[in-house]
């Protein structure tokens, strides 16, 4: 399990994203970190279905072992969701900039 | 009807898109008609399933004919039926409230229907990734709805809500990934059957998955310390959206918690440690929510903190894991959806008429708006837990459940919680009955409030009274739900 | 649940309380016609809700209905207390409602515990099942129930709401409060004692402390209704004393005193209400010389004052005689009873002197008698004071003994009791003269004590919550920080 495979890289990416979202003050950077986290999990999920030496699921060769297609399908959905959320977040960020003239969370305090 | 489960989810979705098309149909109230139809139709489908479900059978449906564990399953059992029923009912009343306000046009109704469709999807699905997807649908709809009125604070609140929820939801996806890696299926029943084996061989992983899911659902339902997004989001949203958030979305988080924890981890595994954790977090949520509500001056923020506090009650009841506890918890979910929606509607009417958000400026409101003040009094008595309203019955069940479990610490905190709740609601009522008159802001004109808004508050107050006097009807709906969770 | 249990077969105790509610409520209703002039719809709406609650409380055959109607009554009375909507109404109403809810929850907890032990809410069933339960399990349940009821009664140390709620409420509502609302707590305690078939000696001491405390503080008051409120505390102390002693004479005396106190306290509040209505003044140092202007009020007040002091042949004499008869064995209790009675007499002499005797202030030179609709209930109540006292013996055997469920014999007309009354007058006069000489009847409000503790505790709580509010995360990163902290916390705990 340990070693330079998709799962560990995925976990590392998620951790990087968590670090980013906790420490960055710029909204755009937070959105980026969010998307990084999302990507990390997607990478992890797809790697779970990976079989070394397996064939891509859409090709038709019944002799070889297939890589698990379910995570890939599911992660396509997840990618699109992530896309939608990021788009919405960026739109909100633009609106925040219009209203508050700042993208710094330190200045965007609630009452 | 064979396709009823999928239609319950899909009809509001279709209606959401159809409301945009009514622009070309030249109907004056086209969007509202489509919206109402989009809610009433699933209700009819739900009732058609009602008889079989309430007898304890589960109505299963495979999407596209693909059986589990390959395809996505929907299933309507007692718990789903109960939740779907009041979600649709409250949704209908939200539409009724919005009817009077002209600003709410096609975009609003389509988003509302999208949100409702998302909620129904969460409630009816038996595939864990499907649940994730529907949660995201609901989330997107709610983020946009909060910012519907383009207020600056609302946009900031929505953004914070987005970041917090999505970062936790990524963790949920991680949990799904781990579960898939271990079990090879995304179907809830399939995973549930394998969890016990996995737990025996590798308990750490189960703990990790549990924690990740708990954080995800905790954010959605408002468990301490994950409740921090709620006050701003619920108070800055437009009023019907506040009641959607407080009344329905918080509850759907609890539904997910119930379903996943009782189904997956099983009643015995759950009760070992998780139940206690949820119980004590629930107590903390209760007290923190009530304590913070005590010092709020903005009315809607006070109601938002009150929601957090009431979710604490529900968490205490769920954490006990007993029959009586679940009865109290599920009943309180139902009651709180009614009460809090009604309270937000009253608050919305008062705010739109006086132009003030802060309670200290709303002095003597009862002279101008006696009906709304009356509804507010009735609803706050219900939420405090005063007979003969519905809040009393559910709180009594919860108290009895904690007494039977001999958990006297919980009893003490519940007691304190009731008194704190009474304290902050009566502060508001006192200000409403104050002899002084509130000063109109010079730059403010009261928006016209039609009969629909008042009507919806009266309907909620009346429902609270009726459910309080005849709780048996609702208890009969809850019994099948409890049987699902604790067979 | 409520609507499945048999509701109406009424036993004698309930019938007794029902008579009190049913006869006294219409008098308040009639009095309100003259007294209450604004917000009529709201006032009468809430008044009838309170009536419904009161009737339900005394008629309830099971504990859950009892609790439900108790809370309905509390909510109704809260909205009646704040009816005047003056600045002081709201803190007083707030205290009232919070303490009443607290009392209610204690009662609810006891009810639920009993339900868990016996499986039923019905009082008759619980009585049967209670015989088989071990003693140690019942005692804490009764203690919880009693604490709840003491909060409802306003006994020391739970009396804090009483002296604030009575003065600020409209006068008919003060009468309702003192006349009926605080009695339901005593009724509940008696009912629970009968059901569980136990005695409660602790109530004796609570009663004794309430008696002394109430009368001592009443002597110092200058606001007429606040004075009467402290007397309510004191008189309910009598009732608790009787209940605590638990003998037939004790319980009979307590029940009789519930009836009598309802009658004469209501009459006192209505008289004071008449004075306030006519003059607009509530403070003793602004009143005086009303004897000639308000003769009917003077007459009825005189009857009520003699009744509350316990002088024959009025009703107060009969019930106080029974209670002091029940306390006969214990020297300390006898002393408490005599001091309280003397103090009560002195206090009413003071009230009489400062409101009716003396010279009429210039401001009040045009006052006349109160309207007829207010005088009518007052006269009815005065006649009742007289009649209940004269017919004490048949009342005892016909009404009270069946209510108490036992045979009670008491001789009301013995010489010894008349002698006791004489001592009361003598000592009371002495206290009054002493008070006038030493200026004990000052207006300085007492700022120590439980009220101060409670109010400051509440302020402390609020400051704590405000501090909590400052801790709330305001920056987005802080929010997220909490999310991940929660994750780690849960991970740690779940192992």
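For clarity, chains are labelled A, B and C in written order, and residue numbers in each chain start from 1.
One rule holds for everything that comes next: a residue touches a chain if its C-beta (ideal position, glycine included) is under 8 Å from a C-beta of that chain, and two chains touch if they have at least 3 such contacts.
Values in this document were obtained by computation on a predicted structure and should not be read as measured data.
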{"item": "B-C compared against A-B, more contacting pairs", "value": "B-C"}
{"item": "Centrality ranking, top chain (CA atoms only)", "value": "B"}
{"item": "Chain centre separation in whole Å, for subunit C relative to subunit A (CA means)", "value": "67"}
{"item": "Whole-Å separation of chain centres (CA-atom averages), subunit B against subunit C", "value": "43"}
{"item": "Approximate Å spacing (C-alpha centroids) for the pair subunit A, subunit B", "value": "28"}
{"item": "Subunit A residues counted as touching two or more neighbouring chains", "value": "18, 21, 30, 108, 110"}
{"item": "Overlap residues in subunit B, where contacts from two or more other chains coincide", "value": "159-160, 163, 167"}
{"item": "Touching two or more other chains - residues of subunit C", "value": "476, 480"}
{"item": "Residue numbers on subunit A that touch subunit B, as the complex places them", "value": "14, 17-18, 21, 27, 30-31, 34, 37-38, 41-42, 44-45, 48, 70-71, 74, 77-78, 81, 84-85, 88-89, 92-93, 95-96, 99-100, 108, 110"}
{"item": "Touch list for subunit C against partner subunit A, complex", "value": "474-477, 480-481, 484"}
{"item": "Residue numbers on subunit A that touch subunit C, as the complex places them", "value": "18, 21-25, 30, 105-106, 108-110"}
{"item": "Residue ranges of subunit C in contact with subunit B within the complex", "value": "1-3, 67-69, 71-72, 75, 82, 85-87, 90, 93-94, 97-98, 101-102, 105, 108-109, 112-113, 115-116, 461-462, 464-466, 468-469, 472-473, 476, 478-480, 482-483, 485-487, 490-491, 493-495"}
{"item": "Complex contact set, residues of subunit B against subunit C", "value": "159-160, 163-164, 167-168, 171, 207-208, 210-212, 214-215, 218-219, 225-226, 228-229, 231, 273-274, 277, 288, 291-292, 294-296, 381, 384, 386-388, 392, 396, 399-400, 403-404, 411, 415, 418-419, 422-423, 426-427, 430, 433-435, 469-472"}
